[in-house]
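Some structures to go through are shown next.
Consider the two complexes below, in which chain A is the common component and chain B and chain C are the respective partners.
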Partner chain A sequence: MSGIGERIRNGQLWKSIFRVGIPSDRRSRLQVILHNFFLHLHPTRVARSGLKMTYTFCLGGISAFLFILLTITGVFLMFYYVPEVGRAYSDMKDIGFVVPFGRVMRALHRWAAHGMVITVILHMLRVALTGSYKPPREFNWVIGVSLLVLTLLLSFTGYLLPWDQLAFWAITVGTNMAAAVPVAGHDGPFHEVAGVAVDNDVRYALLGGIEVGPNALIRFYVLHCVALPLIAVVLMGVHFWRVRKDGGISRPL
Partner chain B sequence: MGREVTTHDSNPIPPDEVPLRQRIVFALSSLALLAAFAAWIADEVRPEWARHYLAARALLSEGAGAPGSEGVPTIVPQVYVPELEAVDRCIACHAGIGHAGAAGARAPLGDHPGPMLQLHEQAEIGCTACHDGQGRATTTQAAHGEVAHWEAPLLRGTLVQASCARCHNPATVPRAPALRRGTEIMARRACFGCHVMPGEGVRGAVGPDLSFVASRTSSPWLFAWLKSPAKVLAVPRMADFLLSDQEAADIVAYLETFAPGHPLEDSGFDPSSASDDALDALYDKGASIYRVSRCISCHAVNGTGGTVGVDHGRIGNKLGLSALVAWIEHPERFHPGTRMPLFRLAREERIAVAFYLSEEMKDPDFETLLDSAGKELERLRPAADPERGRKRMHALGCFGCHKLQGQQQTQPVGADLSLFGEKPVERLPFAPDWQGHRTREAWTRAKLKDPRSGSDALLMPRFDLPEEDLEALLVAVLSLTRRAPPGKRADDPVDPAQPRYPAGRTGELMRELRCLTCHAFDGEGAAFAPDLGAEGSRVKLPWLRDFLREPYEIRPTLVMRMPRFYLQDSEIDTLAGYLHLARVRDGLPRVDGAPERGEALYSEHRCAGCHILGTHGGAVGPNLSEVGSRLEPSWMAWQLLHPGLARATEPQLARTDAEAADIAAFLSTLLARKPSDGGGERAEGRGGSASEGGGSPLEGEAAAGGSR
Partner chain C sequence: MAESPVRSEGAAREGDRSGTASVPMVEVWPNLVFIELVAMVLVTAGLVAFSLVVEAPLEGMADPGYTPAVAKAPWYFVGLQELLVYFDPWIAGVMVPGIIIVGLMAIPYLDRNPAGTGRYAFRQRPLAWIAFLSGMALWFGLIAIGEFARGPHWAWYWPGESWDVQKPAQPPSWDLPLGWGIAAVGSYLAAGLALPAVLFPAFRRQLGTVRYLLAMSLLLGLFSIPLKILLRLVFGIHYVVATDWFNI
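The block that comes next holds the complex of A and B.
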């Protein structure tokens, strides 16, 4: 058996993909990691103490896993959902009632979204409590905060898409809060300094208008499905890479 | 593996070091996850609706016409109606619908009961257009809309009639008796006096003008009425405002302040100075006019009779002779929105009717009740404050229905009901101690039964409706929803309280006679009496003139309702001329048939089953013995071909234009014995005999029959 495995892993097909054969020593094992696009985010070595579950609770890992799950189920939902005012709600209902496996896909997407918000926040809490933001990890903390904001924005933009009363009013309230920020919101302090009015403030930019309507729906859809995930993927790449560069996974000193 | 590698992989955690408890937890949660996935996949492969679908197919395969192919279809059966944005998957479970073989099967497999699917194409309106519920859903509870936040749950039982109003006129739609009754109650009890609701009447013109009320009737009567209308009249129109004694006394005191400014002129007739014989004659004359004028078509007497006007039982206790005479002379003066015609009665005739009413419609027992009400009122009078009464009347919204000099309701006191049937359940003010389900239906039923429960601030009066009427009113209130898109509507409701009369002198005359209290023009008006929209094309002018002069019974099974108005010849000319020239229908066929063939067809189609001709025939349809003098042949031919368009109930039996023309030609030969030219005096005598049972028309028919 091991002979066949060895033949495959030393064969040309294997090598064309993974570029190196079976690692036989510490150096060649390092090469495997370094020479593979997917694996090179991974540290070549993990300290034994880094495997201790109760130190990190794998919160970052769970967040990343949920992000992948959300991407897969989200793509599935995009096949059936049309972000048009007249259709959005019924499409959401149809996904639940008639699309094969649609109910479970939507449920997974919804629960995973809630879960990701929770795990990302807990992740940040853990990083703060273990002091893992300290140099040399101070830049990764900043990236992490950006990812937290992105997670919340993804959750917020996705909330509008079912286009029901809950969605409508939640987004109305949420964007009115945006309208109350200083300078950039027409309801906030110092807005007159920047000449910000109801039709050119940050809420207007979010909604594409002064109230939740078709423009808001398409904006939130595009942000939710394209813009925000793209930025999140890039930042997550940097985040993971920096974890490795800054000394690997946090562990008890 | 090299030795070096082994060195670096030293001290891996051996499997047997994982505690047993953790391993069991892991195993069990994995199994639970597996089971959940299995259940989910099973549900996807064989959903709930598919079980019903297969059961229906098994049921129908014993007969003919099983739906669909073997196995579960990959697409959920549904009805899609783009105009209504309806996707109704009800037929996935209710799979027997549309299959006669499933009639009577247990729910949900049975066919749709009744003839509704023959009257409404399922492919055109779907299911939820009438039944509500959540059409897209494929599980029972969700589909019935009996889940949180679904605003239109399944309309069960009679409630489904509420949705007829989305496309039909709720006052006239057939097969929705509860909706019709409820709509009638809603209009009669004048809900619009307090509530904003669609197309219903004029505020301030529902009840009589209160400026006159204190001079027309007595203060004790007013007090008794305000305290409890149901104790005064068998079927009062006004609701019980649950006033305290002091509130009622305040309002009476306030109304009394208007009496000096609105005096009533004396009738000039004093019964005590007349002889008994003269009074008997007067009484008989009044009784006869009361009958011929068909007063009971509109007025009930102690609960039996019409529902348009006020109940006449105890009218003698309310109004004196002078007040009655003044009312008959000009009802609109005392009641701006009255639906009562202005009868062309002479002064003596008015006195006769008033005398008859004040004698006949007086309840001696009620007088004792009025006496005690009077004593009670006197006791309260010292503390009564007119200004307090005025304020209370404003608070209760009295001027939503009544006019009173100088007072006006600035805004409706009640809630806006225009889309009540869609009002979210969350916005209904349930009482804090509410028991049971919170549904629109339950809240509305409780509100109609006991309008003031839950809060002392509530002002809605109590209507004391019998259980049956309450359910009907519930249906009507829930029917206040958005209307279907124009292409899907059958007919639009029209406002019975604001009929549009034609312009000019004719319109003025018709308004005085209140023609549209009973009739309609092309659906606009009331539905008590035939629609006059195409009367000019329907009937012959001489007949119309005779009928206006002396109405008689046309349909033996219906109660005759058309009053005799005592019109002058010039007025008859105006009315008949208007109907003849203006109320016509274009495109009626020119009739050129053979009467002999028509006569044969008459017996072939068994017309005599419903119509009397000569001495025999059924009494369902109108008597046809003189129909040639009454109806235009072209109308008869058209109606035979299109009974529905002609608003007739008869079945469509004539198959071709030629058949219809032949029958019309035959019917046109059936003339009255003395063909009338519409001249004044001669017809007066003839009409009298016709109204008394029609000896002469039958003789005339016998002559026609002899000529066969």
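The block that comes next holds the complex of A and C.
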């Protein structure tokens, strides 16, 4: 059996895909990281102290993995969901009662989203308490805070999509805050100075109307499924790349 | 587990900076990759199991004409919604989150203490720990109140208490006269900025004037939130500074 495995791993097909065989010595263990697109997000070596479960609690990695899980379940849900006021809610019912595995896929998407908000916040807590934002990692912390904001925005925009009472009123309450922006919101201080009213303020721009309606639904849908994930992927790439460039997981200096 | 006292590219740079000796490094394959695989499997299994048991919530269809007894934001924003009790929307919903984001981003440029990096070292960075944990406690404390202790009209309902119970209207509150209000805010800021510099001159010198003022302003902003809550609950003060254009 091992003979066959050996022949496969040394054959043209395997080598064309993975470039290195099963890593056996130190050199090939470094190569397997460097020659694989997905693994090369890692540095080739990390501090032994950084591998301790009680140091990182895997929080950053779990956050990234939840993003992948959310992408997969999210694409599945997109097959069955149309962001139109007359259809969105009945599509949710179909996902829950008609679509094969629809109910569990939606539950997975929902709970993974809440989970990601929690793990991203805990990851920030871990990095703060271990002082891992110290030079040369300062700017990577800034990128991390941006990723936290993006995570919250992703969750918030997704919250409207079921188009049920919970969604509608939570987003109504949340977006009302945009009306309170000083100068640029129609309820904010000094809005008269700029001639800002209910039909031309930042809340109007966010919702595409004076209240949560069809335009808000399509806006939140596009932000949730396209714009915000794209920004998040780019920032995650930069975030991981900088961790790698700064010598892997932080450690005592 | 292959281990070698070799410094990686980045570590060499860091090492040169701080002049420390090399730290034990291990190869990512298989040491870290294996941990990641186990974590992925466990998280997936846990989430699938949870999702099979607990359904995602779905209420009746959205109806702009029917306002529910209480409309709450998603849980991670409920803390800001709870702040609406004590602050006007432009503060609770705009200034506070804005300052939180900018303040978080500023942390690495304000905390210049090199000690205790790379491990959980409270004793070496007590101020950083206390500041960060205070902020987190406030954030999650407000979320817990908003999520579990607020009912119709945002009145206080203990968890499990029936929302049919009528709650008395808010007790009367009053605004500080404008002069007093400005004096109060001014002396809070002046004392907060000056006292630590007088009591711990070495700390101020170590940070430098600009960093010190920025860090203290952020901390004063953080602590002004529970302070305003106390002023309302204990003294019934509605606005500390009340003007025709804005109120604080």
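Everything below uses one rule, namely that the second predicted complex is superposed on the first by the 224 of 253 C-alpha atoms of A that agree within 3 Å, B and C clash if a C-alpha of one lies under 4 Å from a C-alpha of the other, contacts with A are read in each partner's own complex, and residues count from 1 in each chain.
Note that contacts are C-beta pairs under 8 Å (C-beta built on N, C-alpha and C of every residue); 3 or more make two chains touch, one makes a residue touch a chain.
Small disclaimer: the values here were computed from a predicted structure and weren't measured.
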item: First (chain B), second (chain C), both or neither touched by A:I62; value: second
item: Partner chain(s) touched by A:G115 [first = chain B, second = chain C, both, neither]; value: second
item: First, second, both or neither for A:R26, with chain B first and chain C second; value: both
item: Dominant contact partner of chain A by residue count, chain C or chain B; value: C
item: Chain B versus chain C as contact partner of A:Q165, first or second or both or neither; value: both
item: First, second, both or neither for A:V104, with chain B first and chain C second; value: both
item: Partner chain(s) touched by A:D94 [first = chain B, second = chain C, both, neither]; value: first
item: Touched partner set for A:V226, first chain B, second chain C, both or neither; value: neither
item: Chain B versus chain C as contact partner of A:V145, first or second or both or neither; value: second
item: Overlap of the chain B and chain C footprints on chain A, listed as residue numbers; value: 23, 26, 29, 48, 93, 104, 165
item: Interfacial residue positions of chain A with respect to chain C in the complex; value: 23, 26, 29-30, 32-33, 39, 42-49, 51, 53, 55, 58, 61-62, 65-66, 69, 85, 89, 92-93, 96, 103-104, 106-112, 114-115, 117, 124-125, 128-139, 141-142, 145-146, 148-149, 152, 155-156, 159, 162-170, 172-174, 176-182, 185, 187-190, 211-213, 244-248, 250-253
item: Chain A-touching residues of chain B, taken from the complex the two chains share; value: 2, 4-5, 8, 11, 40, 44, 75-76, 85, 87, 89, 134, 136-139, 142, 149
item: In the complex, chain A residues that touch chain B; value: 23-26, 29, 48, 86, 90, 93-94, 97-98, 100-101, 104, 165
item: Chain A partner contacts - residues on chain C that touch it in the complex; value: 2-4, 6, 8-11, 13-14, 17-18, 20, 23-33, 35-36, 39-40, 43-44, 47-48, 50-52, 54-64, 66-68, 71-77, 80-81, 88-90, 92-94, 101, 104-105, 107-109, 111, 113-114, 116-121, 125, 128-129, 132, 136, 245-246
